[in-house]
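Same chain, two partners: chain A is paired with chain B first, then with chain C.
Now for the complex of A and B:
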């Protein structure tokens, strides 16, 4: 009862805040009437910004209209520099998915081995500590030089940025499995492989999934920057291309969509995390 | 002492201490138990009771010496030796049935799902948890969790049950009920059991034989006390038995004073032939009369007199 009313009130506050934001945005960017008289030809050249005092920043109504246009035709393809937003997002999500899945395939088994072996854990620690803080984009020239394919280089950058949180969390989760659970498996003469799957994996799963959730967030942050660099397709390239076109409206729409997709990716991983979390 | 079902022979456990020195928890420890016997080890914290249990379980290895169970030297853990952990150690992502079933399917790997379930269910019923099979450990009380721990240990029909202070985290009432359950099950199944406890009354109620251990480091097994109370003792009239207080006082005297300076008082203590104490019988290693007199000196205080 109190819980639902809290949710209701919070929702109301959210709507009020959104309305206030849109209102202020609208007021700040509206036309203020003619500013200067000028020759009609010059005015034509200058556009509405000069003739009607309209802000160069699009208002919420412009963005809304443009967004509606995009949503109606998300998958059109008019050549390399004019593709629907849906296509661009699919490209970005596919790149993130490929790099991320590769990272999962490497980080989780590797993390398992490192976590179960104190020797490897200590031996590999300096390498991980050095490699982890490297900005993923710093790898880009090296990737482009060795791989010689911009699209695969972008996937590699996603791979390298999402591997560390997963690797470290898997190591941490596996090494931190409660001794008594391991002892239960030992007294039951459970073999190493069965122990890994029936005791260590479920015990470490919440920590591993948390690492995966951090990774998907970072991967989505990095893909925009990576695509700005490699170009061609993707939402990051779209942002840069629209900036070159001086279409601030499209840039704002892209920002909004990047946020929404990022939130959805995070929510999917959050749901998986909840599925494997156990109460103690 | 005729048949040695479990025989701990000259085991030592040492840890590397500070500055390259080694700290011995105990040295040259000998201990034996017969089949079907219920033994309790009592001693202060740090006397190596848990180490002995872990070595028996195979979770820890002695630095020296050997442990022989049923005629074979043990190495590592075994499904013949089940452990009931102090902290119950249930897998929280599994249900009650899942936890017991995990043990059952570990022992009989070729069994199908239905058979594992039926077998696990028998032991869940045995510990009185019928109806809670599909609950997770987080939904159970402390006593119920420990019941699952007991069911899990029993379900693999071990030769020995090893219990590391299994009831110390429970409230007194629950502890009493669980002690009754464990005693009933062990008597019914003729289970050999080794339990570590801090609780003197628990030891008197459950054990046939009580191992008294001195303080560590360098702990020794000082005495083996045979429980003089009848096998069919009940919780309610336990304290009315004429030998109850003699036994209890003997153990408490040991814990309070003798466990500290045992080594100094008995320099000729032979760890291989630990004195066996029979309380209330003639020809004893210790004079029990003093204890009994102390009881009878207090009129009305001895339950034996008022009965």
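Now for the complex of A and C:
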């Protein structure tokens, strides 16, 4: 009972905060500038910012109207440089998916091996520690130069940035499996492979999935920046293209969508994490 | 040597000089042989067969001596039979005879969304590529470094580049040296110096010490023109002001945010800053040098050799589009065609002001200059020489420069002249012309003296 009322109250506060935010936004972006006196011939050649003192920042109403326009036709295709937001998002998600899956395929088996061998774990540690903090975009010029293909480079960048949290968490999870369980398995003469799959994997799964959840967040952060850099397709390209036109309205819409998609991706992995969690 | 002579003639030199040895060059020989040709060419097919066989023989025997020895020992007819056995001369000749059909029809051409790219962009919606049998995707690209890398990586077959870029790439400045070529200049004029509104009363460049200016790229006409302009007014661009490479779309935002005091930028960016009330037009670039080149259409040598017909068709389409764009009466239609999000993605009013030349100057006046931007495809090699002198002047190239050799290798004046003549246009007969930059005449024949004549330059 108290739980429901807490939720209700939290929801209410959320709505009030949102309304307050939108209200302040609306007030702050009203056209307040003085209308400069200029000849009509000149005014016709100028933008609204210059002629009517309209704020360069769009208000919530402008953004809402534009968002509705986008949502009504998300999948239009006007040629290679102008596609609907839906198509752009699909491109971005596909890129993130490809890079991320590759990272999963490499990081988890590798993490298992490293985690099960204290020697390897110590030997590889300095390399991982050096590679981990490198900003993914710093890889971009190198990738473009060596791979010679911009879309594969973008996927590579996703791969290289999402591999580290997964790898480290897998190593940590595998190494941290309780000794008693392994000893029991050993007493029962369970083979190495079977031990890995039936004892270690379930025990380490929550930690591994936490790593995967961190990784997908990073991958989504990076794709926008990578697409702004290489252009072509994707939500990052959309932001860049609209920035080019100084259309802040569309940039705000893209920001909103990037946030929503990022949240959804995170929620999916959070659900998986809950599925493999076990009470000790 | 003429490509149409018999390559199985043991006494003939395939590499250089002429067949009979009486003339210095193949061209001279051909001139003379027109009068008394021993063996008339029977048909077009026969002629192609000769050309193809010549090429094959040359490929098999790069050393002329070896080829002659081979022909002498086995005889020409045996050689022909042997050659036909492992090389399908017949097929090759047939393929060659279809000259003109592009090797590759689906092409990708990169562009930066500025009005300089007008011919490249408009050729898509207005059907110039299609008219020359090509299916071209024009792809918007994020910046000059990216367009360079994507063209080098062959993601793009050809691209819109700043006029000095293909020279810089060919010389290996700021990239690995990869031979590039320019068959056509995109636009002439069409840039401007825009200052922030707060500098309204600071119109004399002598007062500009300490200001921050943005340019689109180090290897750009914008960089060289701004440096030239400042230096002529006694400001050393390396020590007295700050020059920053900023992507054009960021320029307006930075100008508004007071991060920079002004810029020399490609158009629609200049006009956009005025349109949004962030700055005013201090000077059109045409007032520095009327008729200066800005952007170019560029492709790698590799593309030109592997797909010569595609390349020729592309060049023809660009020359066609440029000719169309140079007519004032077409400019409004072009502005509308290139404004959508798929192309430049800018308000039509802004593009119209740039292309028609009737524009708001940002200070409350309306000005008209029909040649604010103009289009002329001919790749004058003297343009390239001038750019090289400025690269040298500002320390981008160190050491000696063979101005003419580089210019002739990168700027394909001869090939474009030939294409233009075939298209029924009248290109200039020379590849060099003299011009004046801020009243100072440039003689393409004396580049070294020109560089030395400037007081302000980077000490080398």
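Quick note on the criterion: the second predicted complex is superposed on the first by the 277 of 280 C-alpha atoms of A that agree within 3 Å, B and C clash if a C-alpha of one lies under 4 Å from a C-alpha of the other, contacts with A are read in each partner's own complex, and residues count from 1 in each chain.
By our rule, a residue touches a chain if its C-beta (ideal position, glycine included) is under 8 Å from a C-beta of that chain, and two chains touch if they have at least 3 such contacts.
Remember, predicted model here, so these are calculated numbers, not experimental data.
After superposition onto chain A, the modelled positions of chain B and chain C are compatible, with room for both.
Of the two partner chains, chain B is the only one touched by A:279; chain C is not. By the touch criterion defined above, A:20 lies against neither chain B nor chain C after alignment on the C-alpha atoms of chain A.
When the two complexes are overlaid, the chain among chain B and chain C that reaches more residues of chain A is C. An angle of 140 degrees, to the nearest 10, separates chain B from chain C at the C-alpha centre of chain A in the overlay. Of the two partner chains, chain C is the only one that A:82 touches; chain B does not reach it.
In the superposed pair of complexes, A:264 makes contact with neither chain B nor chain C.
By the touch criterion defined above, A:256 reaches neither chain B nor chain C.
By the touch criterion defined above, A:187 reaches chain B but does not reach chain C. After the two structures are overlaid on chain A, the closest C-alpha atoms of chain B and chain C sit 51 Å apart.
Overlap of the chain B and chain C interfaces on chain A: none, as no residue is touched by both. Interface residues of chain A, counted against chain B in their complex, comprise 178, 180-181, 183-184, 186-190, 198-199, 202-203, 276, 278-280. Across the complex, chain A is touched by residues 57-59, 77-79, 81-83, 85, 87, 89, 91-93, 102-103, 106-107, 136-138, 156 of chain B.
Partner chain A is touched in their complex by these residues of chain C: 113, 124, 137-142, 146, 149-150, 153-155, 249, 252-253, 256, 272, 274-277, 340-343, 345-347, 349, 353, 358-360, 364-366. Residues 38-39, 41-42, 44-47, 49-50, 56, 78-82, 144-145, 148-150, 228-232, 237, 240-246 of chain A are the ones touching chain C in the complex.
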